[in-house]
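Each of the next two complexes has chain A plus one more chain, namely chain B in the first and chain C in the second.
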Partner chain A sequence: MATVEVRDLRKRYHNFLALDGVSLKAESGQLVTLLGPSGCGKSTTLRCLAGFLEPNGGEITVEGVSILSTPANRRGFGVVFQNYALFPHMTVAENIGYGLKLQKVSKSELTTRVNEVMDLVRLGGLGDRLPREVSGGQQQRVALARALVLKPKLLLLDEPLANLDARLRDEVRWLIRDLQQQSGITAFYVTHDQSEAMAMSDMVAVMKAGRVAQFATPREIYQKPTERYVADFTGEANFLPCTDVTPHGEGHYSIAAAGTTLDLDGVPGIAAGAPAELLLRPEALELTAPEAGTFRGIVTKSAFLGSALHCEITLPDDSVLKLSAEPNTPVTKGDTVGIAIDRSHAWLMPEVAP
Partner chain B sequence: MSGATSAFSHQGPVNIAFGALIVLLYVFLMAPLVMIVGASFTGGLLIDFPPQGLSLKWYFEFFERRDLVDGLLMSLRIGAITAVVTMTVAMMAALAGQVLSGRLSGWFQLGMTLPLLVPELLTAVGLLFFLYKIELGKTVVGLQMGHILMSFPYAYVSIAAAMRQVPASLEEASASLGATGWQTFRLVILPLVMPGLAMGGIFAFINSFDLYTISLLLKPLGGNTLPLALFDFLTYEFKPTAAAAATLSILLSILGVAIVQKLVGLQRAF
Partner chain C sequence: MRLPNPRLLLAIPAIALIFVFMILPITNMAEMSFRTTGTKDPFGEDYTLAHYLRIFGDTYYWGVLLRSLLTAATVTVLCLLVSYPIAWHMSKAKGMKAVFLYACIASPLMTGVLVRNFGWMIVAALNGPLNETLMALGIIERPLRLLFTQGLVILALVHVFVPFMVLPINNALRNISPTLIEASTAMGATRRDVFRDIILPLSFPGIYPGVILVYVLAVAAFVTPALLGGQMVSYMPTLIIGELTGTFQWPFGSALAIVLSLSTVVVVAIFTALTAKLMERSKA
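Now for the complex of A and B:
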């Protein structure tokens, strides 16, 4: 429906720089997630998009046209808030019909469209209840319906699942994604939950202190992070310090780590001999016989988790690797084991100041 | 907390003492009202409790006294205008206070409640000088201004408290759905603060109805509010007419509370 571009967005509060040059782009129909810890600027970015905040610099365009001078009530974006922000004195149906009533659509059309969207989000029969008389998950769906009924150009979701319990969260998450894909609405989604970001998004922007640390697909963010911060935030990760970094063409390197030399891929552009870190996701590692692996180490922790055996292995240089082994693997604390590396899951990153 | 409560309920003597204290407190609060209401129905010639025989004659007497009825009408009129003006201005002030940040907001709140903190007499004297300067001394308009000033904080405190209960995200949600500022105010904020607004107006009215000092200094030539008229009356006559007037005032307050209860429910107003 609409391509949205954010360029070099800046926002300053007194002496706190909330946004320090944020650039993003959502192609038409994409769901773009802003992922990061609290205070990283993800909500501030969303509020600038919604028009609740005025940035100090930068540009936001929809279909190539700047929207910065358009006030929030004329942007035509749907916003779903973390606390739902339902009008407590209006029924569910009145909440959903609020925007249509402002547009002065006819009574019969209003009723039709409200009923349509209530069926879409499975709220049928609850129209006459007040928001406080329905459950949290239902309130969230009212908020979603209220935004969607206006057929917005852009849907903005600010941690919409944060106040729901785990089971509901899963249900509403898929509902949001399905509705977004069916209607083809471009959407921005703010969350601090990496699994949510991974599962729902077309693109993820990992944010760090008012900047975008990496903007890429969920797969790239997870498998090919540009720095340790991104790798850390997107899942379980092991890091090993490397020496003797030697580039072999664009994005290919040979390195030395924990007493072994390795050939692997990494972030393009790391100079020869530059400080770098090796990222090993737990699924890149496999337990082997002591003499067969790339590394050799001692099991310092092992915990049976049902579907997997969680192990921590200390290498001779005192670095620790965490991995998930097949649950029936016969290892106990103190065993000497080998670790095989799946090189397609190993990744070299430059050392960046945190 | 629950531990403390259960300690009370298990210890008979403490419980009884606590109950007695509550009863005493209510007696202290209610006794003057009971006395004055009782005295207004006396058949005798003096304010007396218990009343000597029952009669409504002091109410007839009250409505036959030109000076007292004029005072009542003036107080009602000034109180009503005060309520309407303070509700409007306090609503606007509360909206303005909402957009101020942190420390500024604190100062703003303090400023709005200043008439409560400055002694009424000082405000009255200051206002008297000011009104003479702008040639409104000893006029009804001047008196009205004084009443609005003195009653404003009551309305403001009640309305600002109601405003604080409205999350800012509701205004943002309303805007994102296409509402202008005025539409958001009319459709979202106003219905939600209505109980506080009504309560603020009634507080302002009751306060205005009760003001003495400032009325004494600012009263227009030839005009009296009910408290002033009653005081004049009591200076020369100690008749139960005054008790009848007081009972009517109490009735008015009860009426106000009843209106709030009917319109919005007392629980929501506080």
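Now for the complex of A and C:
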């Protein structure tokens, strides 16, 4: 139950700048996801929060108070690791109770609290097993219970689902989200899986080379990304180069793309004539008769996926659009088709030098 | 005809080696220990329990046995205390530093046993470098009599057995995932807590073989006690060699050797039993 703020965090390893000014804020009770590819600095940020790493610059505050000089063992944060980091020589119950034992709580209280949290994560009856004697999903729940039992001010989760198979991942994901919301604990969650980030988070920070590329709600990140990198990382996306960008008030533009002019919304502040890209998510596109659509093109690939028909359509200017059509749409390779755009799902972004 | 399991064939060299160099001589020695003392041959024709009765009936032999076992235990404990920090640093080292440390650790084993012990005699002599340094520093006024003391025997044994303790512990420490240390720290553990609750128990799979190796080697050590221990105190190995090569009492010497072996096995078995649960839990 704490507001956590990270300001201009910097961390350098020898010649490698791991964090280049990271700023984030988690309101009390929010789950903030750090999303990005490996090496983008998301784990480094988390390790600075946990106190395992000392940043070279910047500030981390909890409820407005700096914690940088507080050692990791006195921060009172719960940490869940990708490899679980369960103590192999302690039973499940001993693992969960270890932090309480260090706090010297009475034996009866320890037992009560450990049993409570074990019920919460549905580990009842497994207390006497060693970690290696329970399944991967159960190990992950032990790791979660071990962090929660201490009633931490902040929960830090470092790719907690990465080692689980798909079915378990879904189950544990909802468990984590439910527990986090029930207890109202502020949480930071590191992942490289965009669907995980979308589904669980209040706020998402998409990270790129030691910086935060965009920090916003999942909806905004997906629908209104500030740059191509963010759009690419958060889901299937088509990009069309645009010309003749003309602003019409804050965040409204008219553009020319693939031979058509369009009015649409975009990132505020793109100058007239500046290079820009049009983002079209597959769900913004619909197949129509050749003369009815905004664009006209030739089907160069179509694949039946069961629930949808995946098509790739080449436009006259050789740009390619990917979209999902209704599975029974009668199109085959070589057909000329029209594409209609749902303009509320189109988005204009400035072209950023990579 | 069916061919035997090829895996058993692979085991034949090992079995042959153990049979020829371990089972046969021990059986031979065990049998000899029940023989009467011979006058012309190494042992007489008849069987007897006299040698064992003599050993168990004489407090002198009890005392020597006890001294041997206690000295070995002292050497083992000191070795563990000295080796653990070295193993810790070694487990953190990488690249050339690790190679250098391995070479330093193995250095006592690179010197011949006689040269090493004569070296200790020179170092510990009344006018040797150790005494001279201590006097130069003003710590002592007159040279200490270090040579031919039990303390020097223990010191020299610890010196040579450190590698046997460091290497397995280093191995075990390297196997401890650093995230375990971070996890316990995040749960509020101080460095002392982390060492006591996580690192020490998880390094036990290295401590155990180290302790057994050093203990068994220390019990059986002969050259170091013989050269550095002098004539005043006896250890089982020196006593046994004395019976075998000095007075040619082969049956009695064999009985002493069997008693020493069995006592060592018993100590190892007790240690194993006491630590079985910890070992079971901490092994990877």
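Keep in mind that, in the parts below, the second predicted complex is superposed on the first by the 354 of 354 C-alpha atoms of A that agree within 3 Å, B and C clash if a C-alpha of one lies under 4 Å from a C-alpha of the other, contacts with A are read in each partner's own complex, and residues count from 1 in each chain.
Keep this in mind: contacts are C-beta pairs under 8 Å (C-beta built on N, C-alpha and C of every residue); 3 or more make two chains touch, one makes a residue touch a chain.
Just so it is clear, the model here is predicted, and its values are computed rather than measured.
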Determine, for the superposed arrangement built on chain A, whether chain B and chain C clash or fit.
clash
Can A:130 be said to touch chain B (first), chain C (second), both, or neither?
second
Which partner does A:79 reach: the first (chain B), the second (chain C), both, or neither?
both
Name the contact category of A:233: first (chain B only), second (chain C only), both, or neither.
neither
In the superposed arrangement, does A:347 touch chain B (first), chain C (second), both or neither?
neither
Is A:222 in contact with chain B, with chain C, with both, or with neither (first, second, both, neither)?
neither
Touch test for A:52: chain B only (first), chain C only (second), both, or neither?
both
Quick check for you: in the superposed arrangement, does A:189 touch first (chain B), second (chain C), both or neither?
neither
Please report the chain A residues shared by its interface with chain B and its interface with chain C.
50-52, 72-79, 81, 83, 85-89, 98-99, 102-103, 146-147, 150
Chain A contacts chain C in the complex at 50-52, 72-79, 81, 83, 85-90, 98-99, 102-103, 130, 146-147, 150, 156
For chain A, which residues count as touching chain B in their complex?
50-52, 71-79, 81, 83, 85-89, 98-99, 102-103, 146-147, 150
For chain C, which residues are in contact with chain A within the complex?
177, 179-180, 182-190, 193, 197-198, 201-202, 278, 281-282, 284
Interface residues, chain B side, partner chain A - complex
167, 169-170, 172-180, 183, 187-188, 191-192
